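Both complexes shown next keep chain A, but they swap its partner, so chain B is in the first and chain C is in the second.
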Partner chain A sequence: MNQATLPPIKTLEARNRRLGFIFVLPALVLIGAVILYPVGYNIYLSFWKPALNPAKPDTLVGLGNYARLLSDPEFYASLGVTFAYVAITVAGSTLLGGAAALLMNRRFPGRKLARSALLLSYVSPVISSVFVWIYLFNGLYGMIDYVLVDALKILPVAPQWFDNPALSLVLVCLFDIWRVFPFALIMILSSLQAIDSSVYEAAAIDGAGPWTVFRRITLPEILPVVASVVTLRSIWNFYKFEDVYLLTKQVPLIGVYLYRTAFTVNDLGLASAISVVLFLIIMGAVVALASRNKGERV
Partner chain B sequence: MKRIRLKNVLLNVLVTLVVLAAVSPFVVMLGTALKPSAESVAYPPTLWPKRPTLEHFADVLKPAKFPFSRYFLNSLIVAGSTALIAVVVGSLGAYAFAKLPVPGKKYLLSGTFVVYMFSGILLVVPLFRIFTALGLYDSRLAVVIACLVSTLPAALSMLGNYFKTIPDSLEEAALMDGLTRVQCLWKIVLPLSLPAIMSVFVYVFMIAWNDFLFASIFLSDPEKMTLPVGLRQFFSSKDYVWGRMMAASLLTGLPVVIIFAAVEKSITGGLTAGGVKS
Partner chain C sequence: MKPWHKVILAVLAVLALGVSCAKKAEGPTTFEFMHTYVEEDRQQVIQGLIDAFQAERSDIVVKQVPVSEDAFWTRITTLMQGAKLPALIDVSVDQARLLAASDVVDTAACSRVVNDVGPGSFYAGATSVLKGADGAMFGVPLTGWVQGIWYRKDLFAQKGLPAPEKWAEILAAAKAFHDPANKKYGIVFATEASDFTEQTFSQFALSNDARLFDAAGAPVFTSAEMKEAVAFYRDLYKYCLPGSNGFTQVKDAFAGGNAAMVVYSTYILGSLFDQGMADKVGFAVPEGSRPASFGMVSTEVITNSVPQAQRDAAAEFMKFLLRKENYIAWMHMAPGGPNPVLKGVASDAAYLDHPLLKAYGQTAVDIPEAFSDLAMFGFQDGVTHPKMGEISAKMIIPTALNKILVQGANLDAELDKAQKAMEDVVAAQ
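Presenting the complex of A and B:
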């Protein structure tokens, strides 16, 4: 007898499998449409010189965009600035967040309120925070310059926070550290709270001092979390755009360079080549990190 | 004993200083919003106005003076729809990944992890061309779709982590009682996961509410602009008033701060769980 003529036997397993597929489908379709397809299209676009007028055809330039990118001094300059920015902000926000977490990991009156207050800069919209920072640091009637120059007399003249490239880098780093340290704070605090208090009691009985306790107990316990905070923050800050672009024109992070190339210079071909190279850099770093971690575990 | 007390006092002072430093820009924001226009550009600057005024808040809310309410509504539409789509699509997908046999699950899961590494800035060029070709340029829908790039993978992983903590035995019992899988999801898993769903909604809402990048590229009609691009444009128009900008900044931050406070406990829990996982 022909098997095909029998009604299909639907086991529970098969039904679940079908349902699972149906449930996953919208997510897959969306991720495919808004992420994977654009990624593929971006790679394709990086070999073309897209016409500004959509009615006109694009011109194939092969590796031309990449050649232009790799011979562009501006690209290397912004890579350098970006690495400096990532190093400073990741170190700064993780250290500040970690220190704040250690301070918060005690019982004291008003702890809940302090915690909520500390999260404010992380929650508040970038645009709001940027406006206040511009107001605080402006060269005519800014409070920061007033305190530094007239009140405390630390500096002889008002620094040009928004026009001097080096000072602008300081400014955007300070802004980012202030804005994102709560992320490190929450992550590290929750791992501190997961440490069994009996370990500390045992250490106290053994007569261990605070530094030994920190180095031998606390640090090893929070290190995995610190590592993932550093990894995530490095990736996020490598792609940073909005905060810096809105604060000053003087810090050409790679994200800002990409944005300007695409939408100020209208060089979409070069911009898509930048995207591809950036993604390769991050992918390379993540793969190298993952394989090193694997090697250590074995 | 005395040394411990002294140490505690010192630490409390330190906490107070850190908190004051962290919130001081918001104090300045409020102080400037309440300053009469002349005082906000006076030198030496004042931290708090001598005679506070609510005129800037009143101005911001007058559509004739400042299109704040229009931008606000646009932001609400964009952030609300993004969050809704992310929660619905994310719940279904996360449930399937957590509880159902999905063909190729392992690859799909590691695929969503790779997607984590894409940031909006990498996709803005192809999305711009695709939206232009589809006629979606200068539509709020384009911003919604683009915001899903940065939020859907996180929504999937946060919800998935939560669903996994719901014991299978609960659903098995319900299946025995004759409920279907869909009913299980609707009547058992989703109600139990309400805190997680709320926090994912808030998380996505905040990201979409804050978005400047996509809105600045995909929107050109002032009628459709969201708060970040609208305020930014107003700020560069030279006739801005500091008090008004600060009042607008405060009102822009208020909704996200309020909804964040409402779900703070579960969202920071979910954030740390998701963060450690990845």
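Presenting the complex of A and C:
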């Protein structure tokens, strides 16, 4: 080996590496600015009681915000309601999406139209859907009250749909299931269409019934997609805010609790502490799920 | 030259170019005016006024920044945190109080505008609610709305009922018209946990002399007068459209003919005019132990985090807006809703020269008189309680009312809870 030729090669490599780093630098700066900095600043804020006016000094409270948060019964109540909401909506939207996907996977006249129609609730803006629901349940001219109370006389008086805490929870869950089930539908339908038809043909030759076919072929094939849908939807719904906040004030989800603390009460330190705790909960759940999946694969 | 040197040189060149361009951009003083008039026709009226102002003052450029009402306060707090508040902001009295409590208001500039226009030109109530404990103005009153009971004169005449002024008259009338089976309600008012409910209720509380604070500034939400007012409000709710009512439910129920009375601001006048109800509607101020005019002043705040030149320019723009011809143009942006806080404008022929104001006749002239004796929670003995803005922001009062009325919670227990929450706010540094 010629020793004299080695140093220039090294320099070239080093130079290329350096140039590569410079090209990647803007992306790194961007990630640092829009992800790392806010997360770091949020953690920093959670130890302070920041003044709204930056000219005024912030007060260091140490773990004070965390102590206040963890001793607030409202926080635990919000957390409980949020877990219930996530469980109901994720199960509901995935089951409904799955059922719709199985239906849409069959051939029937008008299938394209039906598929597009099913996506409507997912693609329409949240605010318009919320207003439609508010008007549906309006005590004066709502269609639901008209049908249940005036036309069919099933109920003697109209319930306070969005004022009764239990009814409100049911309604916001129904709203979310109705609004987001097309996401599960799209995902599951695409995995259904990826299943080779020869597998079904072989099962038919073997004399397998519809239930056996579903349990032994369809379900195992779509299960990985269903797991992804459930994970993603759980994370998204854990932070749910806008539609619930717009529909009712009686369902204190953790997202609503966080919003009120930050922007109604203007307690930014406590709000940051809430975000940190939520982040830990979600990260814990994701890591647990990921390691479980890894274990299963092994 | 090495390639990465070239990259750094290029970046430096771009930066240098940016700096030189920024330096060249000296010239007229530009300031931002943030408001919630997002409707296109209102923005056009405001732009027209800005253009007229800029024609007079070529050294000033005004940029309007319309922000939707829902996102407004969030935007303000975010901008405040970043020391990026615009020079001029159109806010409510409550919001002005919160801004003043955070020391971001240029009180000297606000006071100068009021003094230059002439403190005597304003209705006394409109300026006194914006005076801080030190006597300086923490905002400039621009317009205002008045709240009261709007009632169907035609229906009241059919039943031979008097105008709903005294508490007993209001309750009797509500009972007389209440027929929920046919979707007719005696009265409709705000009950949701929002500012609107606090505003509606405060008029009844103030008409019973129920104050929020004692002379020493300590909350007295459990006083006998306050309990009486809440109990009356709860009695009245029996004849109200049930549920958590907000602006939409309240306005729709009255404009749709489903209620005989509504507690609302002058902003309902436009909808009633559109429904052809202008001549059927009367206006009454509720009266317990005394009548209580209630209203809110739309306030322009000049902030102190922008350079002095911008604050001066904002003050000049405010003085321009308060000049009669410009002032009337602003008022006609949404006739009936915003009312003049400048004396004499309400009876001015140019102001009344609008179909809506003509339709309401003398009512339109009389309404602004309420600004001479404005009452509101937290404003006592000529001074605004420094923690009132925070108490309103935390929705302590409307949350308690919503629980008592809509959720059927115990009155005493909820008032005790609210009292404790207010004490915590007052005690906090």
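Following the convention adopted for this analysis, the second predicted complex is superposed on the first by the 270 of 298 C-alpha atoms of A that agree within 3 Å, B and C clash if a C-alpha of one lies under 4 Å from a C-alpha of the other, contacts with A are read in each partner's own complex, and residues count from 1 in each chain.
Criterion: a residue touches a chain if its C-beta (ideal position, glycine included) is under 8 Å from a C-beta of that chain, and two chains touch if they have at least 3 such contacts.
Note that the structure is predicted; figures quoted are calculated from it, not measured.
Clashing of chain B with chain C is the outcome of superposition onto chain A. Within the superposed three-chain model, A:Gly255 lies in touch with chain B and out of touch with chain C [touch as defined at top]. When the two complexes are superposed, the chain touching more residues of chain A, out of chain B and chain C, is B.
In the superposed model, A:Leu140 makes contact with both chain B and chain C.
Of the two partner chains, chain C is the only one that A:Leu52 touches; chain B does not reach it.
When the two complexes are overlaid on their common chain A, residue A:Leu103 makes contact with chain B while staying clear of chain C. Once the two complexes are overlaid on the shared chain, A:Leu63 sits clear of chain B and of chain C alike.
In the superposition on chain A, no contact is made by A:Leu289 with either chain B or chain C.
Shared-chain residue A:Leu120: touches chain B; no touch with chain C. Of the two partner chains placed around the shared chain by superposition, chain B and chain C are both touched by A:Leu19.
In the superposition on chain A, A:Thr264 makes contact with chain C only, while chain B stays out of contact range.
Stretch 63-71 is the one of chain C that runs into chain B, the other listed stretches 45-53, 63-71 or 279-287 having no clashing C-alpha atoms.
Looking at chain A, you'll find residues 15, 19, 50, 54, 140-141, 263, 268 touch chain B in one structure and chain C in the other. For chain C in complex with chain A, the residues that touch the partner chain are 2-4, 7, 73-74, 77, 80-83, 98, 102-104, 183, 192-193, 241-244, 249, 252-253, 256, 258, 305, 390, 393-395, 402, 406-407.
Residues 13, 15-17, 19-21, 23-24, 26-28, 30-31, 33-35, 37-39, 41-42, 45, 50, 54, 100, 103-104, 106, 108, 114, 116-121, 123-129, 131-133, 135-136, 140-143, 146, 150, 178, 183, 186-187, 190-191, 224-225, 228-229, 232, 235-236, 239, 241-242, 246, 255, 258-259, 262-263, 268, 271-272, 275, 278-279, 282-283, 286 of chain A touch chain B in their complex.
Within the complex formed with chain C, the chain A residues making contact are 15, 18-19, 22, 50-56, 138-141, 160, 162-163, 249, 263-266, 268.
Across the complex, chain A is touched by residues 8, 11-12, 14-15, 18-19, 22-23, 25-26, 28-29, 32, 40-45, 47, 85, 88-90, 92-93, 95-97, 100-103, 108, 111-112, 115, 117-130, 132-133, 145-146, 148-149, 152-153, 156, 181-182, 206, 209-210, 212-213, 217, 227-228, 231-232, 235, 242, 245-246, 249-250, 252-253, 256-257, 260-261, 264, 268-269, 271-272, 275-276, 278 of chain B.
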